[in-house]
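What follows is a pair of complexes built around subunit A, which joins subunit B in one and subunit C in the other.
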Partner chain A sequence: MGQDVELLDVSMRFGEFYAARNINVHIQAGEFFSFLGPSGCGKTTLLRLISGFMDPSEGQIKIGGKDMRGIGSNIRPTAMIFQNLALFPLMTVENNIGFGLEVRGVPKAKRKKKVEELIELVDLYGTGDRMVNELSGGQMQRVAIARALAVNPAVLLLDEPLSALDLRLRSQMRAELRNIQRRTGVTFIYITHDQTEALTMSDRVGVMSIGKLEQVATPDVIYNNPETIFVASFVGESNIIQGDIISIDGDYAVLKTTSGSFFCKNPQHMGQGETATIFIRPETVFLAKEPNADNVLTCRTKNLSFEGAYAVVTLTTEQGQLLTMRLNNDGTVPRIEEGENIKVRFSRENAFLLKNGGTPIA
Partner chain B sequence: MRDFWNTALRDLGKIGVAYILITVGTWLVFMILIPQLIMFDYSLRPMLPLRELGGPKDVWTLKNYMVFFSNRLHMAIFFKTIWSSLIVTVVALVICYPIAFYLAKVARGAKVGLLMLGLIIPYWINELLRLFAWQIILADLGILNQLLIFLGIIVDPINFRMGNGAVILGMTYAYILFMVFPIYNVMESLDSNQLDAARDLGSSWLRIHYKIVVPHAKPGIAVGCTMTFMLAAGTVAAPQLLGSPSSFWFTQVINTNFECANWNLGAAYATVLMLLCVMFMFIMLKIFKVGLKELTQ
Partner chain C sequence: MKSSNSIFRIIIGAYLVLFFAYMFLPLIFMTIIAFNANEIPQITPWKGFTLMWFGELAKDDQMWSALWNSFIVAFSVVAISVPIGLGGALLLTRLQFKARNFVYGVLVSPILTPGIILGISTFLFWDSYMNIPGGLWTAILGQSTFISSYCMLLIMSRAQRFDLTQEEAAFDLGATHRQVFWKITLPFLRPALISSMALAFMQSFDNYNTTLFAIGVEQTLPIYIGTKLRSFISPAMNALAVVFIILTVIGAIAYEYRRRREMIKAGVKITPVPAAPVLRM
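Entry: the complex of A and B
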C-alpha cells in the first residue's frame, strides 16, 4: 500500500543556483500527484530528492512519517520510472522485472511467480524471455512499470515516462497508469510538462515555475481558479488584459483598460488603484447578443480556424488588444467572416483578476 | 559487398578509394604480411653458413621448433613469461577498472581532464626512460630503500629486483593506459540512469558492478586485457632493465638467438610467441563472449 510523502521547506542548491526553493507539499498515501512545469523548473530534482539519489540542501523529506535524510535510494520505499526507462539492455524482460526481487534475495520460485503476476498486470504476455530491446516502445514502458512495481514500493516516482511514446499510445498508457495506480493503491508522484497528462491522470497537481511551487490543487481548481499569473498562463490558454482597478464591489472589481472597463472576480481581494491582469479562457468568450450588457468588446476578426467540434476565432479591438474566442460548433453559431466586426462578451464569473508579477508564460 | 563498394565510391570518390586502398594495402603488405612471412620462412629453415644457402641442405624443416620443444629451460621461461604476463594483466585490470569507472561515471568536468592528463603525461617520456626511473626507485640504494630505511621500517636495503616483482611492477605501470582507455570508452557509453535504476531497486554497489557495469564493459575489458597481455609478453625492455637473471623473459631468449646470429631459431621462437598472443586474444574473446566485430568498436 501507499505511504504519504511530505516535503517540508525543501530547497536544493547547486552552487549559487536553486533548483528548488522552499517547497512545501504533503502528498497523501495512495494519491496520484503530479508536478507540472516547464522543462528546467526543478521537478526532476524534486523526484531525485524523494527517491534518495541526493539529499536536499535544506528542509526535510518524510515518507510514511519517517525522515529520509541519509537514507539511500536502495533502502527507501520508493521506486522510480526513468524518463528513458533505463531498462537493462543485456537482460531479458523477466530478468529486468525480477531484478529488484533478486537483489532482495527472493527465492527463485517465488520470484518467478511474482514476475508472472506483474507480466499479467501490465499485459505483457509471452514476452518474458525476450531481450528488452526487441520490444516496442509501449512494451518497454510496461516492462519499466512492472520492474518498478516488483519491489512493492509504497511510492512510485515517474519522470515523464510517456514522453517518448506516440500520441495514441500515450493516451492509452495514461488510462492504464491511472488504472494500475487505483488497483495497487501505491502513491504515484508523476512529473510532466504536459498539462493534459497532469490534468487527466492526477488527483492533485502541483504547478511549478522555476524552482518554485506555485499552486497545489485538484485539476479543476488549477484550471478554473489559478492563483498566480504563472499558473493561469501555463495551464490552458488565456486571454490576458491589463489595467488598473477603479472600484471594488464585494468579491468583484472593475478594471479599467485601454479597451474599456470590465467587471471581474477579485479572488485575491486586491484594492482600488492596484494594477492587475484579467484572465479569461477562450471557451468563456461568447458572441454578444445584447450589445449594451457588461463586459462587451467590439472587435474585428483577424483569423478564423475551423477545427470541427469548435472554431478558434482570433480577434482584435480597436486599441490593439488581442482576444481569442473558442466557439462550440453547436449549430447556433452564425457564420463569421475574417475581417468582419463583431461584438463579444464574457461573464464576470469567468474573468478573474490576478496580481501582476511572477513569471508569466504566454 | 557490392553495396560496400558503392557506398565507398559515393562517399569518397574514385581518388579517395584508390588512396585508401593503396596506403592501407601498402602498409598491410609491406609492414605486416611480408615481414611475418619472411620470419615464418626463416623459422622453417636450418641455420647454414653463407655458402650453403640455397644449397641442398636449405630445405624447410621443423627442426627449429623441435629445438624449442626439447629445451626444458626455454620451455620453462616460455611458461613463466605467460604466467607473469597474466599477472601483469590481472594487476593492471584490478588497478584500471576503478580508474576507468571513476573517469567515466563519477568524475565531472575539470576533474576528468586533470586525471586524464595525469594518466597521459608519463607517456610523453620514452618507455626506456620510464623504466630507468623505476630502476632508480627500486635500486639497492634507491629512493624507495632509502625512504624505508629513513622511516625505520627496514634496516638493510631490500633487493627489489630479485624475482619477477620489479618487472611486473614496471610493466603494469607502463601499460596502464592500454587497460584504462578501452574500459573507459565502453563505460562512458553506459547510461548512468541504469546505475541509478539498479540502485533504486535496492542493489548494492558490488552487485551493480557485477550485474550491470561489467557485462556492459566486457568488450573494453577484453580489449584491455588482450593489449596488456600482448605488450607484456612481447616486451624486451622491461625485463632487460628491471629484471634479474631469475626473471628471464621469453623475449630475451628470442633476442639472444638473434644476437648469436641464429636468426632461424629466433624466428621460430618469435613465431611461437606470436601464436601464443593470437591464442590469448581468442581465449579472451571466448571468456568475455565478445565477437571480433564488437572488439573493434
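Entry: the complex of A and C
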C-alpha cells in the first residue's frame, strides 16, 4: 500500500543555483500526484531527492512520516521508473523484473511466482525469457513498471516515462498507468512537461516554474483557477490582456486596457491602481449577442482555421490587441469570413486577473 | 572504360601479391628451414627433410624454464594490470575533477615512455634502493607499468558507453553498492575485461626490451631467444617459431569458429570482420 510523502521547505542548491527552492507539499498515500513544468524547472531534482539519490540542501523529506535524510535509495520504500527506463540490457525480461527481489535475497521459487504475477499485471505474457532489447517500446515500458513494482514500493516515482512513445501508445499507457495505480494503491509521483498527461492522469498536479512550486491543486482547479501568471500561461492556451485596475467590487475588479474596460475575477485581491493581466481561455470567448453587455470587444477576424469539432478564430481589436476564440461546431454558429468585423464577449466568471511578474510562458 | 577497369584490377592484384609476399615470405622461409637437415639455418643447400630440430628444442632445458618463466610473468602481469586498468578506467570515466586531464596524462605516460627506460628504472629502484634483486618480480612490475595503461584505455572505451542510470536503477531497487558492481557494472565491462586480459597476456609474453633490463639474470622466452640468436644460431629456433605459428593459427581458427557459432546462435548473418573501418563516400 502507498505511503504519504511530505516535502517540508525543501531546497536543493548546486553552487549558487537553486534547482528547487522552499518546496512544501504533502502528497497523500495512494494519490496520483504529478509535478508539471517546463524542462529545467527542477522537477527531476525533486524526484531524485525523494528517491534518495541525493539529500536536500535544506528542508526535510518524510515518507510515511519518517524523516528520510541519510537513508539511501536502496533502503527507501520508493522505486523509480527512469526516463530512459534503464532496463538491464544483459538480462532477460524475467531477470529484469526479478532483480530487486534477487538482491534482497528472496528465494528463487518465491521470486518466480512474484515475477509471473507482475508479468500478468502488466500484460507481458510469453516474453519472460526474451532479452529486453528484443521488445517493442511499449513492452519495455511495461517491463520497467513491473520491475519497479516487484519490490512492493510504497511510492512509485515516474520520470517522464512515456516521452519516448508515439502518440497512440502514450494515451494507451496513460490509461494503463492510472489503472495500475488504482489496483495497487501505491502512491504515484509522476513528473512531466506534458500538461495533457498531468491533467488526465493525476488526482492533483503541482505546477513548477524555475525551482519553484507555483500551485498545487486538482487538474480542474489548475486549469480553471490558476493562481499565478505562470500557471495560467503554462497550462492550456490563454488570451492575455494587460491594464490597470480602476475599481474593486468584492471578488471582482475592473481593468482598464487600451481596448476598453473589463470586469474580471480578482482571486489575488489586488488593489486599485495596480497593473495586472487578464487571462481568458479561448473556449470562453463567445460571439456577442447583446452589443451593450459587459466585456464586449469589437474585433476584425484575422484568421480562421476549421478543425472539425471546433474552429479557431484569431481576432484583433482596433488597438491591436490579439484574441483567440474557439467556436464549437454545434450548428448555431453563423458563418464567419476572414476580415469581417464582429463583436465578441467573455463572462466575468471566466476572466481572471493575475499579478504581473514571474515568468509567463506564452 | 573497360580497359581502364582491367588495368586497375591488374594494379590491385600486383599490389596484393607484393603485400602478402612481404608479410608471409619470411615466415615461409623460416618454416622451411626448420625442416632442413642443414645445421646452418639456410634454405640452401637442402640436406633433406628432418624433424630433429624439434627434438633438439624439446631437449633444451633452458628453453623450457624460460617458457615457464614467461607464463609466470604473463599471468602475474594479467593479475596486476587488469585490476589497475579497471580502477583507472572507472576513476576517469566517472569522476569529474579538475585534475582529470592531468591524471589521465600521468596514467597513460608509461605507454609513451621507451620500454628500456621503464626496464632500467624498475630494476634500479628495486635492486639498488629496495634491496630486492632483479628477477621475475621486477620483470612483472616493469611490464605492468605500461601494460596496465593499455588495459585502462581498453576498458575505458567500453566504460564510456555505460549508461550510469542502470546503476542508479539497480541501487534504487535495493541492491547494495557491491551488488551493483558485481551484477550490473562488471557484466557490462566483461568483454573489455576479457580482451584486456588477452592483450596483457600477449604484451607480456612477447615483451623484450623492458624485460631485458628489468629481469636481472633470469630469462623469459623472448630473452632466451634473443640471447640464443646472438650467441649461437641453430635451426632449433626456427622450430620454436614454427610451433608458435601453429599455436597462433589454431588459436585464431578456434576463435573464429566460436564467433561464427555464437552468431549463428544469435541469428546474425555472418559477415567478415573488416580489418579496418570501412570508409563510405
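Simple rule for what comes next: the second predicted complex is superposed on the first by the 362 of 362 C-alpha atoms of A that agree within 3 Å, B and C clash if a C-alpha of one lies under 4 Å from a C-alpha of the other, contacts with A are read in each partner's own complex, and residues count from 1 in each chain.
Here is the rule we use: contacts are C-beta pairs under 8 Å (C-beta built on N, C-alpha and C of every residue); 3 or more make two chains touch, one makes a residue touch a chain.
Source: prediction; values computed, not measured.
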Query = Clash or fit: what happens to subunit B and subunit C when subunit A is overlaid?
reply = clash
Task = Could you say whether A:Y223 touches subunit B, subunit C, both of them, or neither, answering first, second, both or neither?
result = neither
Message = A:F286 in the overlay: touching subunit B, subunit C, both, or neither? Say first, second, both or neither.
response = neither
Message = In the overlaid three-chain picture, which partner chain does A:Y252 touch, first (subunit B) or second (subunit C), both, or neither?
response = neither
Shared subunit A contacts, counted only where both subunit B and subunit C touch the same residue = 51-53, 72-75, 78-80, 82, 84, 86-88, 90, 99-100, 103-104, 147-148, 150-151
Ask   = Along subunit B, where are the residues that touch subunit A in the complex?
value = 191, 193-194, 196-204, 207, 211-212, 215-216
Task = Over in the complex, which subunit A residues touch subunit B? Could you list them?
result = 51-53, 72-75, 78-80, 82-84, 86-88, 90, 99-100, 103-104, 147-148, 150-151
Message = Under the stated contact criterion, what part of subunit C meets subunit A in this complex?
response = 163, 165-166, 168-176, 179, 183-184, 187-188
Key: Footprint of subunit C on subunit A - complex, ascending   = 51-53, 72-75, 78-80, 82, 84, 86-88, 90, 99-100, 103-104, 147-148, 150-151
